[in-house]
Amino acid sequence: MTLRTYVIRRLIVLIPTFFLISIIIFVLIHLAPGDPLSAMFGPRVIPPEVREQITKKMGLDKPLPVQYLVWLSQILRGDLGYSYLSKRPVIEMIAVRIPSTLELMLLAEIAAVTTAIVLGVIAAVKEYSLVDAACSLGALIGYSTPNFWMALLLILVFAFWLGWFPAVGMHADIKFDTPFEALFDHLHHLVLPAFVLAFGWTAYLFRLVRSSMLEVLRQDYITTARAKGVKERVVIYKHALRNALLPVVTYEGYSIGFMLGGAVVIEEVFNWLGLGNFMVQIARTRDYPALMGLSTIIALMVLIANLCADIAYAIVDPRIRYE
Amino acid sequence: MGGRLEGKSGKKSENVYKPSKASQFFIVWRKLRRSKLAVFGTGIVLFMSLVALLAPIIIPFSPEFGGTPLLPPSTAHIFGTDALGRDMFSLVIYGARISLYVGVGAVSIELLIGITVGMIAGYSGGKIDELLMRIADVIFSLPTLMLLIVAVSMFAVRGIQTIMLIMGILGWPWIARMVRSEFLSLRETTFVEAARSIGASKWRIILRHILPNALSTIIVLVTVEIPWYIFYEATLSFLGFGDPSSPSWGILMQRGYLHFSSQGWWMITFPGLAIFFTSLGFNLFGDGLRDALDVTTRGR
Amino acid sequence: MGEPLLNINDLKTYFFLAEGVVKAVDGVHLKINRGEVLGLVGESGCGKSTVALSIMKLIRYPGRIVGGEIWFEGENLLDKSEGEMRKIRGGKISMVFQNPTSSMNPVFTVGSQIAEAIELHQDAQKHEIEEKVVEILGKVGIPSPRQRMKDYPHEYSGGMLQRAMIAMALSCNAKLLIADEPTTNLDVTIQAQILELMKTLRKEFDASILLIGHDLGVISELCDRVAVMYAGKVIEHADLTTIFKEAKHPYTQALLESIPRLDIETEWLHVIPGTVPRLIDPPPGCRFHPRCEYAKGICSKEDPPLTEVGQLHSVACFLYSSIEKLNHQHR
């Protein structure tokens, strides 16, 4: 089938998947026993009639499946509801924060992918060498390190003790003379959180690149290439790498899940006002419409990212379309 | 010229070499011993398990001990004391018990659900398989931490058991996928066909042939999942979604975070170190185990 | 005839493993003349593929060529640098492998992979290269070559892909084509086609072929001469008819006897008792002696040298060379 057919097919599959996700989100939120409204009211004592009135108005007295359908129809119209606590539309609150998370993830992705591929290829080509052993061990250590612990340690060392980087926040609280200075300051704040976010993924991706490359270098077609008289460097970077990177493309699709998960706690530690930080905030206050709205948006982001990864894979691997 | 192949009619068939369970274990053990890192990892795992089990006996101070608050590490208090004067070292040791309990517990639940679902999917095939795998994919691709936060946060009161349960419930896709693919690949092998041809029933085939082969994959998976669950519980606790009455390492870090400055670094460093150390151990052990269980390499 | 095209003298290729040293090729002598097809026969694991890779100097860690000479067109390949070897590989000497589906890079089109070979060894412009690819694909019998060169390896059948591999190997007018079990993984009918193809191409390109295999039937279709290998050594060397009619080495005889025949009624299949020896630290003496009906005392002590027993017929066996001859040769 052509690429176009493949893309269309995948887009169509997106729809039932989205419905499935919406059910899962709804179920998870309503898993907890008790009244979702209690968060809204807090410790204040509310007379029962008022409570009943509000419950009816919000449609919370209807059976759950009905509530789900009501919510679903709202979502499909683009209405994500209003936050309990701030009374602002959820969409607005999310939109404001998306760029911050996006820039964090983008920087982390670029750093992680470049480092992992470069080191992975070197480690595979020089298998069993000191470089390989060092990188592999480093990757294992990186993989085992809890990200928030690393974040705190880095802040301790680089912000508190050495003072090289700011500890928290997205920018310093002062007025800058030029936009250039403001940008630089912002980037200065971006370094530590992006580093922590990238670290875990680099470790994970490195192992994949290395093992994929090793697998490919064992293949017959690599011997054929050498038997043709191809230069070893070309064998590695053209013949081998092209094949070794195929699984990497798929994994990059999963990276968004990893990154978003990491962003939650990293944004919290660095007080980086993005989606992750937002999620923690609304989860703490049990702002349940906001929680449902944010989950939906995040799920959508993941779905789209996975779709892009699938399409990218179909482009680079000629075998996959012919199913 | 050359030999003639004697007919087998009169002769007894040669002794089929069937490695006993004990000798299989030894081959794996020997291969595991080869890698120094794997041995190191195994050591850590055993050490941590021991610490967790013996916690109440080995702690130097009771976790309730109220001493001088906010003391940096010293000879009396190796890890310092926390805001309420409790000895950090004891707290970290006691935390091992809770963190490991959660890790192992969550993995057990995950295993139970995952293996069942995986087997159903693998054996039924068709629409059921597709549906289950679709659900698995969805859960799998969504950020686990977010799903956990969403699920756990809505509980007004959280017990450590609830957290464990939710983690296990959200974790089945991983295992289910593995089990299912093992199932599918083994289902079509000749030895299963042979078993079927002599009339073995469905369940017998599953239990005696397929599951033991899938076992090695599952074991490795479990080893690597435990540190992930310890990590997730720690993160949840750190963010405030944990169970404060069960002082896991994550809870300790949350408490420490409240005093996070250069004046209190030991309160977050040591619990975090414990998590790191345990994860490293399990990962090394898991890697080594995976290589050792690989039947394509001979042990020496 | 003149100088042989390829003359391998006492080649030794060992693999240095943790368990020990595997002497995969332990003193092999081979000669191929211009325009000749030499068959290299032996069981799996006897070292045939290692000989092929050694000629191309494609032996990688943990293996290494430790001794001997490989004379090609008057030069010792073992003296050549890697850069010089690269010019020879795919150009003067090229190779076809056993499994065509795994021997082609799945992410590049077949045409581009052939073009790569041409680019490396011939001075040609882009459009010229394209024409050459079409031409060579046509020569090996691929229909609609201009369309098919844009296809990927997985779109070819096994037989077609092997043809394409042969095309790639011959695209730069190689003098020596090494074919390592080219038909083993193919259907019998396709096998026949490929062998026919190789017969035709051999005449057209005036190439010598080293055909490696374990199937004597396949070998007999194409080869002028045959060398039989066992456990890392060549134990008999003769032309085709001689091998089939007057094989002298006990192993060769056993091999020939074990070919199932449809014209004679037999109850039992002939089997050579015992197994191929492990090539790690092999025992002294003739490698075949534990399985040999005619083994005598000296067979377990000394390694029989390759001795001439007739016109271009050599055997490595103490049935045909005595101690005197042995001492004489060691002089």
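For reference, chains read A, B and C in written order, and residue numbers begin at 1 within each chain.
The rule we apply is simple: a contact is a pair of C-beta atoms (placed from the backbone, for glycine too) under 8 Å apart; a residue touches a chain by one contact, two chains touch by 3 or more.
All of these numbers come straight from a predicted model, not from anything done at the bench.
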item	value
Longest centre-to-centre distance from chain B, chain (CA-based)	C
Interface with the most contact pairs, given as the two chains involved	A-B
Centroid spacing, where centroids are CA-atom means, of chain A and chain B in whole angstrom	24
Separation of mean Cα positions, chain C and chain B [Å, integer]	51
Chain C residues within the chain A interface of the complex	56, 58, 85-91, 94-95, 97, 99, 102-108, 116-117, 120-121, 152, 154-155, 165, 168
Partner chain B, residues of chain A touching it in the complex	16-17, 20-21, 24-25, 28-34, 36, 38, 137, 140-141, 143-146, 148-149, 152-153, 156, 160-161, 253-254, 257-258, 260-262, 264-265, 268, 279-280, 283-284, 286, 288, 291, 295, 298-299, 302-303, 306
Residue numbers on chain A that touch chain C, as the complex places them	219-221, 223-231, 239, 242-243, 246, 316-319, 322
Residue ranges of chain B in contact with chain A within the complex	37, 134-135, 137-139, 141-147, 149-151, 153-156, 166, 227, 231, 234-235, 238-241, 253, 257, 260-262, 265, 268-269, 272-273, 275-276, 279-280, 283-284, 287
